[in-house]
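Same chain, two partners: subunit A is paired with subunit B first, then with subunit C.
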Partner chain A sequence: MNPLRALFDKLEKPFHKGAPLEKYYPLFEAMESFLFSTRLVTKSKVHVRDNLGTKRFMSMVLFALTPCALFGIYNTGYQSHLASGLSLDLVSVVLTGAQIVLPIVIVSYAVGLFWEFLFCVIRGHEVNEGFLVTGLLYPLILPPTIPLWQVAVGITFGVIVGKEVFGGTGRNFLNPALTARAFLFFTYPASISGEVWTAIITSKDKIVDGFSGATALAIAAATEAPNNAQLAMESAGYNLNDLFIGFVPGSIGETSAALAIVGGLFLIITGVGSWRTMLGGFLGAVSMSLLFNYFATSSTLPFFQLDLLWQLSMGGFAFGIVFMATDPVSSPALESSRFIYGFLIGMLGMIIRVINPAYPEGWMLAILLMNVFAPLIDYVVLQKRKKKRIRNVI
Partner chain B sequence: MKKIRVKNTYDLRLTGVPSRTIRESSLGKTLSVLPTSISLIKPKLSVKEGASVKTGTPLFYDKRDENIKFLSPGTGTVKEIVYGPRRCVDEVIIELSGKESFEPFKKISTAGLKKLKQEDVASAIQEGGLWGVFTEHPFRSIPRSTTVAPAIYVTVDNDEPFLPQSAVYLKDREEDFKFGLAILEALSDKVYVGVSSQNENIKTALGASVTHELEGHYPANNASVFLYYNKESESENKSWSIKGQDVLRLAELFKEGKYPVQRLIVVAGDHAKKPSHVLAREGMSVADLAGKAPNEPTRYIAGGVLTGRQITEKGILGFNDYAIHLIREGKETDMLTFFKPGFDKPTFGRTYMSSLFNSSLFKMNTSLNGGYRACVSCGECPKACPTELLPQLLMKELKANDTEEALDQGFLDCAGCGLCTYVCPSKIDLDTVFDDAREKLYWEVEK
Partner chain C sequence: MKLTKTKAYKTFMAPIKDANPISVAVLGICSALAVTTQVMPAIVMVLAMTFVLTFSNVSISLLRKIIPKNIRIIVELVVIASLVILADQFLKAFLFDVSKQLSVFVGLIITNCIIMGRAEAFALANGPWLSMWDGIGNGLGYGYILIVVAIFREFLGAGSLLGFKLIPQSFYDMGYQDMGIMLLAPGVFIVIGLLVWLENILKSKKA
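And then the complex of A and B:
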């Protein structure tokens, strides 16, 4: 027998029913089931079961997130060194990035898991692996400049109010990671408004000349007529290529549209993320962006004129649509309503981004808003579906 | 011949496939009849302990309708009647005597059948103890003796792993089958016969008797699925169905004038010694039919692996059982499975590499392959529902006692195939939720 398995068999005893640590069995179970496949067997008439469990389901999302997370670490270090005028070689950049990002990730996981375990022990539930995803999504949508205590406060709110008060993963109606982010956004706007999102690691006087630290979105939103938003961004040093690949300041993991697309393809191929949500979101954003272009005149906001490709490459659009909007729990339940849901997110997100200067980016609010409307979309689609069937009632 | 393409089916590709050879089995000292294994009836005994019975003597009947009778599968004396909680009759044990004698029933020929009225045919079947082979939809109960079927659906093939194959039980018995269909035609105006589209031989053998071709993997040949795709109006919801092998038994009852006790079952699964077809009789024990399992944890199942009931090694073949499965209970624990590519892990979706690169059969076991979780609306179950329902929503509605909404969405179309439960990553026993709700509804309607 595997020595590790033997060790776990030994460790299990105090957690058994009637033993002193019985209450903390969920803790043990989480560790054990993380390492080993389950020993549970079927009870119902369906005697054999598929190999897909929620653990596999969630780890697929983690795999899809990995490129964005790794690039996030690199880019955070890169932006920091760039602004501080330090060397740009790979090792030192990654080290700096890891120094800034890893504490945020660790705090997110540690604090979030604490609440998760607490609720599981009280309820006597097994620990739900959904948090492994939330715990990584959340740091990736935070700016690198965020103070760690705010990370902790945010994830606490996200886990408790966004999820646990409703009964835990599967029973929440809002995306917990976005709930946590929105809480920070409205509670500590000074730290998270998108003005300066580069972690500066040198003293202020050593910052390179011309560094403003403003994100592309902040510049585009602040441009006033008759200036051109695209030119304003270009003169601040942004170009389409960098925006798409992600070498720009922004939230840790969301700057790279390219890697978000890679993750999205992985989710679609494995069938874990809904392609209808993603396609809907893409089409929604495209059509809204084109509508803005169509209605752009010299008296409208200059942001209206911004080219489609720029709109799609900048900010958190790709990341939000791929990883946030596809959260199955807070999405509508029906595949066909997921397309409508995605489309509306695409449109709304673009409206908030372009028209409302108070919010630097629209996806967080658009997705949360559509989370709330998800059951309504389901309801409407369901009524149509019912009409297609031959009724079978008593 | 109409072709029906069944949506959302799945081929489980499991090992332990029964071979096409037919093995004889020998009777033990006793036979047991299990009234509780027949769902949706209220059994009332018509024999007492010590009574001597012939093969075909009524043992019990449905309290609400005494024409629905269940007959003794053997000759001997009633040795013991085992009562369960609240005095429900769990088991009637018959000690077999050496010589078998049959209760005589009226013989009816093809010509004789034509002269009979619908109710005469029905009462001949009821006398012969085979009324229970009919299933009335949507509750899948045994129909009342006076009801007339709007339509009867005959399913010739079985694609659940594993049930007797038509190629085996129908071999050289096509004429009997056609006579059986004639009996059904005397009962109802519409008789539909569906065969699997992969089954070319049977299609030619049965010729014009076949009305529908069913295309798809499991459960394309399920009667409820067949009904769902074929019905055109609400009035057909209460159609009946019958299994192909029971059509043969009907024919046998009419031709021979005695209770047909023989049936072909399969003994299958990895832990069965030689998975094959077995000639069996209701009431035989697993020990008589399957022998001993290897010295490993084994689960015994009466019926298919997606709809059967769990029994022990002393279990009994019930009235509706056409298979005995012996499969591995649980599995060896495996490390960090959910980070591995999983070439050897069968799956419905595309989260393991087996979905791309493995076309071999997969070993059966009863592992849950995950922990119990709340529904995360992952959307797998609607993709596995042959009757185009939304199992995740139905489950939530039924758990919240909103039966009206569930009915409105078509809950009664549910075929009970168990695929939604099979694919659920949160390991929710959807089948139990649906079965309980359907049974509760039935008793509310029928009292």
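And then the complex of A and C:
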């Protein structure tokens, strides 16, 4: 027999009903089903034999996130070395990146899992692994300079108010990772907006000349009327290639549109992420961007004229649509309404990004807003379907 | 008769314990949003509110047999509006600074759903003695939630209580920041929501 299995069988006893550690059974169950498979067996027909439980399902998302996370570590170190004028060789860059990113990830998981386990033990239900994804998504959408205690406050809010209040994974109507970030965004605006996107590791006076700390989005949003947003970004050192691949300052894991697309393809092929949401989001953003181009005149914001490819490669669009909008719990349940939902996210996010100068990036708010509307979209689509039925056929 | 067995006591305690106007009936949220960024205005608001509520309840209860059914809302409004003007003028005369902070919200007590609600639901059907206790009870039930919310908001949002700085400068130097959201309207919804949650847990434990 597998030695790990034997170990778990040996450890199991004190967690049984009536045994001293009964209260902590959820903890044991979580570890066990994470390593093996669920103990839940259907009691009557139909018996489905499949190992794809919520845990496996969520692990798939983790796999899809890995490239973004690894690149996030590299890019955080890279941007930091670039701005501080240090050497750019791979090893030292990755080391710096890991030093900045890993503590944030560890705090996010430790604090989040603490609350998750606490609620499970008090409520006596089994630990649900939605948090595995939330715990990694959340650090990836934070700026690298965020203080660790704020990471802890944010994830506490995200897990408790975003999820546990409503009954845990599967009942949350908001995406917990985005709830946590939105809370930080409004609570500690100084640490999550402005020039926080590059972690400077040397003393301030050693910063290389020409480093401004402003992201491409901030530059585009701040461009004044007669100037051209694209030229402004190019003169600040941004180009389409870097924006697409992700060698730009930004939240830790969302800078790379390319790797988000890779993750998205993986999610679509495995059937874990909804391709309808992604396609809808893509089309929504494209159509809104083209609409802005169409209405752009010399008197509108210069952001209106920005080329479609730039719009799609910049900021957190790809990451948000692929990993945030497709959250199976907070998006609508019906397949066809997912398309509408995605489309509206795409349009709304683009509107917030381009028109509202107070929020340099719109996807967080757009996705949260559409999360709230998801049940309504479901309802409308369902009513429409019902109307198609033939009434009272005898 | 024991005090806790009297009808007046029960009428007084009901809105504080089981039928709280804010955390159970979710009335009067608008003023709770507006005046709770600091504790001081919240306390003054609670006093003004309790005053208006008590006297409007008593007067309407006294008038309940003469008020024609068709125009009762107008009569109630006249009574409430006169009392609100009284409270507003009093604050302007003696507590001008707080009155400026509260601005329109004293005047808006007229539209506070709790007052109309109590007048309609209680004062029109009960005598002045009980109505008075109902008014005081509702005022205090509204009040304690308001003050708890204000304590949370002022402490987390500005690091102070009643204007005194409680969080020392050394904390800020180490990197502590005030929670900006607590000074915005969403902060109230979060705090009130958490209070309702807590209250429901305590109630379900007792039951």
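Throughout what follows, the second predicted complex is superposed on the first by the 381 of 394 C-alpha atoms of A that agree within 3 Å, B and C clash if a C-alpha of one lies under 4 Å from a C-alpha of the other, contacts with A are read in each partner's own complex, and residues count from 1 in each chain.
Here is the rule we use: a residue touches a chain if its C-beta (ideal position, glycine included) is under 8 Å from a C-beta of that chain, and two chains touch if they have at least 3 such contacts.
It should be emphasised that the depicted structure is a prediction, and the values quoted were computed from it without experimental measurement.
In the superposed model, A:T54 makes contact with subunit B only, not with subunit C. In the superposition on chain A, no contact is made by A:K387 with either subunit B or subunit C. Applying the stated contact rule after C-alpha superposition, one finds that A:V165 touches subunit C and leaves subunit B untouched. Contacts of A:A190 after superposition: subunit C is touched, whereas subunit B is not reached. Shared-chain residue A:K13: touches no atom of subunit B or subunit C. By the touch criterion defined above, A:P147 reaches subunit C but does not reach subunit B. By the touch criterion given at the top, residues 175, 177, 179-182, 184, 186, 190, 193-194, 197 of subunit C touch subunit A in their complex.
On the side of subunit B, the complex with subunit A involves touching residues 12, 14, 138, 231-234, 237, 299, 301, 303, 305-310, 325, 327, 329-331, 333-339, 342, 345-352, 354, 364-380, 382, 388, 390, 392-393, 407-410, 412-413, 418, 421-427, 429, 431-432, 435, 441, 445. Every residue of subunit A that touches subunit C in the complex is listed here, in rising order: 147, 149-150, 161, 165, 183, 186-191.
Remark: subunit A residues 2, 4-5, 29, 33, 35-57, 59-60, 126, 128, 130, 167-171, 269-272, 274, 328-329, 331, 333-335, 382, 385-386, 389-394 touch subunit B in the complex.
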